[in-house]
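In C-alpha cells below, several structures.
One chain, chain A, links the two complexes that follow: it is found with chain B in the first and with chain C in the second.
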Partner chain A sequence: MTFTFYLLCGLTLAGAVAAMSLRNLVHCALSLAVAFGGLAGIYLQLDAQFAGFAQVLVYVGAVAILIVFAVLLTRGSEPANEPIYSTRWFVGLGVATGVFAVIASAVMASKALPLGPLSAPTVVIRDLGDQLMTRYVLPLEVLGLLLTAALIGAVIIALHDNPPKTGDAK
Partner chain B sequence: MTETLDQIFVDLKHWLVSFAPDQWQPIISALLSVAALIGTFASLFALTTILERKGLGRIQNRYGPNRVGPFGLLQPAADGLKALTKEDIVPWTADQVVHFLAPLVLVVPAFLALAVLPMGRNMAVVDLDGGVLFFFAVGATTELSVFMAGWSSRNKYSLLGAMRAIAQMISYEVPLILAAVSAIMIAGSLSTQDIVLSQSGYTGWVPHWNVLTPWGLAGFVLFMIAAAAESNRSPFDLPEGESEIIAGYYIEYSGFKFALFFLGEYIGMFAVSGLGITLFLGGWLAPAPFLDWIPSYVWFFAKLLGLIALFIWVRGTLPRLRMDQLMGLAWKFMLPMSLVNLFVAGLWLLTPPGVTRWIACSVLVIGSYIFLARGMAQNGRVSKRVYRYAE
Partner chain C sequence: MNPLAGYLLLSAVLFAIGLAGAVTRRNAIIVLIGIELMLNAANLNFIAFWRFGKNPEAMTGIVFVIFSIAVAAAEAAVGLALIIAIYRHQKTTNVDRLDSMKG
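Here is the complex of A and B:
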C-alpha cells in the first residue's frame, strides 16, 4: 500500500514540477498529463474507480489535448527567451498559500475518522448514478446549462466570417 | 465434457497457479492472464495482416503476398524480421524523448483496453465494476500519443496528420460513447460481464442479443462506423492519407517503432470490435441454443474475425472521405442519430414487451434516419468553394 502510494506521489509531484519548470510549452503540457495520470492512480488506489477513470477520460483525454491545441494555435511551441521564473513570484506564493489555507482549514474542521483498518466503502457506480439523478439533480442541471452556454459561445466565436464582397477583396 | 472444454483455459490457469506459494498466487495469476492476452492478440495481429493483404489483393484483382511459405502464410514472420533488423532513423531535429515515447504510449493503452473484454465464460482478465468506463478512459490516451508522434517529428506532414487524427478521434468519440450508452442503459451495468449476461436466453432459436432490437441495430451500426473512425481505418484514414500527407503522424518512424504503431492500431481495432461484440453481439454467447456445446471463447473469436473481415471488406470497397464530409457525418448525422437512439432505448426499457413496442421503436429509428439522411443529402450539394487564405 505505502510503496505504491509513494510511487504515485512521486510521479504526480515530478509531473507537476516538470510542468512548471520546463522551457518548452508542449513538454510542460505533456508533464501535466503525467501529473493527471498520477492523480488518477491515487484515486484508483483509494478504490474510487469512477473518479479515477473519469480523471483519465476527462483530464488526460480531453483537457491535456485542449491545452496542447491551445499552445500550438497561439504562440507556438518554440521556447521563449525570457527567464521562466516570473519576477512577481510572491503574488503566486500568496495565492498558493491562500488556497492551501482554505483546503487545510476544511480538512482540519472535518470530523476525524477512527484510526485503524476501515472496511472499504462499497460504492458501486450505480449508486453514484442514482444520487446524481435524484439528490444532486439540480447541480447537474446547472452544470449542463453552463456547458451549453460555453458551447454556444465557442460556436459563435468560431463562426465563419462573411465571405468578402467581390471587388474589395485583394 | 462440454463444461470442461469450455473452462479448459480457466482450469489450466488455476492448476498452474496452485503450484505457487500462497503469497505469490495473485501475482502469478495476473501474470499468466496478461501473458495469454498478449500472446493471443499479437498472434491475431500477425494473422490479420496476412488476411488483410490477401483480402485486399482479392478485392483489387491481384494475388497479394504469395512468396514466403505456403500461400504466403509466413509473410508476417518475414515482415516482423524486416522491421526488427531495419535501421532506426530518428530525425536530427526531432524531440528525442517524446519521439521515443510516442509508440509506447500508443501500444500500452491499446493492450490495457483488452483487459476488460470477456473473451469467454469467466475469461476476462479483470472484471471491473466500471469496465466500459475503463475501456473509454484508456482509449482516450491514444489521442495524446498521436499528438506526441506528430509534434515531436518536426515535420509538417506529420503535424498535419496528427491534427487531423485528433480532430477525427475527438469528433467520433462522442457518437461512439453515446451508442455504447444505449446498451449500458438496457443492461443497467457498466461491467462487461453483466452486459454479456444480460443478453443471454433465447426466444425459440432467436438469441436475445441487443443487435436484434431496433435500438440495438441502429446502435451497432453507429458504433461500428465510429469504431472505424476511432481506429483510423478506411474510409476514415485521412490521418494517414498516403496520397496527400504521405503517412501522417508516423512518417518519421522507421523499423520497429513503425511496427509498434502498426501493432497499436490493429490492437485498438480488435479492442473496439471486441467491445462492439460485448455490447451488441452477445459477447461469447452462442447464436442458437443447439450450438451451446461449442466453447464460449470460440464464439467470441469467431465474431471478432467476422468483424475484422467486415473492416477489410469496407477498406477494399469505399473511397476516403474529405475532411468536411468527415466532420459533417460526425456532427450532423451520427451525433443526432445516437441521441435519438438513446431516447429509443429509454422508450424500449420503459414500455412493456410486445408488438407495439417493436413498431413504435422501429418507426422512431427509421423515421429519424430518413429525416437526418435527407438533411445530409441537401447540405452536401456541391457549391462553389470559397477559400479564406489561399487566394
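Here is the complex of A and C:
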C-alpha cells in the first residue's frame, strides 16, 4: 500500500461520492469523469497500461461527454426545489451498506488471497494484439457486431418521430 | 494488509456508492451513472485479480476488461438514448414519476 494508491483511492472515491450526491447534473457528470480518471490511474499502477488508456479514452473521453449531452438535452425537466433523493432513500442506503458489509467481510476474512508476483508482469501491447487476433478473435468479432447493433439501435431509439399529419387518426 | 485486499475493498466501496446512488436518486441519468460506477468496480476487481493472480502472462484479466469496457460503452449509449426518448414523450426524467405501467 503506497502513498500513490491512497491518493488515487481518495480521488476516485471523492469523485464517485460527488457524482452521486451533487444537485447540478453537469457537476455530477464532471465528478464522474474525475472518478474514472482516478480509476485509470489505479489501472496504470497495477501495470495494466492498455486498460488504463482504454479507460481514459472510452470513459473520460466518450461516456462522460455522452452523459453531458444527455443532461443538456433533458435540461429543465425538474424544478430546482424538488428533492434529489427518493422519499425512501434510507432503504436504498441500508441495502448499499449491507452489500458493502458482506463484500468487505468476505475480503477481510479470506485467507486465500494470492500475494502476487513481486516483479511486475511484463505484458506488452504486441502480446495483447496477438491474443486478440488469435485466441480471442471470435469474441472480438461478436463484440464488433454488438457495438454496431447497439449504436444503430441507439440512433433509432433517439430519432425524432415525425409529428402526425393533421387529419390522421391518432 | 495484503495489497490485493486494498484494491478489493476500494472496489467494494465504489460498488456500494454506485448502488446507493442508483437506488436513491430520482434522476434517470444519475441512475445510469451509478450503474457505470458499479461496472467500473467490477473492472477493477478483474485487473486486481489479474495482477496478483497466479499466471499474469495469460492476460485474461486485461482482455476481459477490454471487452467489458466496450459492452459498457454500448450500454451507456442505448441507456441514454432510452432516457432521451422517454424525456421526449413524458417530459420528465424523474424515475418516481415514470409510473404509467404501475398497476
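Here is the rule we go by: the second predicted complex is superposed on the first by the 117 of 170 C-alpha atoms of A that agree within 3 Å, B and C clash if a C-alpha of one lies under 4 Å from a C-alpha of the other, contacts with A are read in each partner's own complex, and residues count from 1 in each chain.
We take it that a contact is a pair of C-beta atoms (placed from the backbone, for glycine too) under 8 Å apart; a residue touches a chain by one contact, two chains touch by 3 or more.
Just so we're clear, the structure is a prediction, and the values are computed from it rather than from any experiment.
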First, second, both or neither for A:54, with chain B first and chain C second: both
Partner chain(s) touched by A:62 [first = chain B, second = chain C, both, neither]: both
First (chain B), second (chain C), both or neither touched by A:39: second
Partner chain(s) touched by A:141 [first = chain B, second = chain C, both, neither]: neither
Superposition-derived comparison: chain B or chain C, residues of chain A touched: C
Contacts of A:100 with chain B and chain C, given as first, second, both or neither: second
Set intersection of chain A contacts, chain C complex versus chain B complex: 50, 54, 62, 69, 77
Footprint of chain A on chain C - complex, ascending: 1-10, 12-21, 23-27, 29-30, 32-34, 36-37, 40, 43-44, 47-48, 50-54, 56-57, 59, 61-63, 65-67, 69-78, 80-85, 87-88, 91-96
Residue ranges of chain A in contact with chain C within the complex: 1, 5, 9, 12-13, 16-17, 19-21, 25, 28-29, 32, 35-36, 39, 42-43, 46-48, 50-51, 54-55, 58-59, 62-63, 66-67, 69-71, 73-74, 77-78, 82-87, 89, 91-93, 95-97, 99-100, 103-104, 107-108, 110, 113-117, 121-123, 127-128, 131-132, 136, 139, 143, 146-147, 150-151, 153-155, 157-158, 160
Residue ranges of chain A in contact with chain B within the complex: 24, 26-27, 30, 33, 49-50, 53-54, 56-57, 60-62, 64-65, 68-69, 72, 77, 124-126, 161, 163, 169-170
Interfacial residue positions of chain B with respect to chain A in the complex: 95, 98, 128-130, 133-134, 136-141, 143-144, 147-148, 151, 166, 170, 188-190, 386, 388, 391
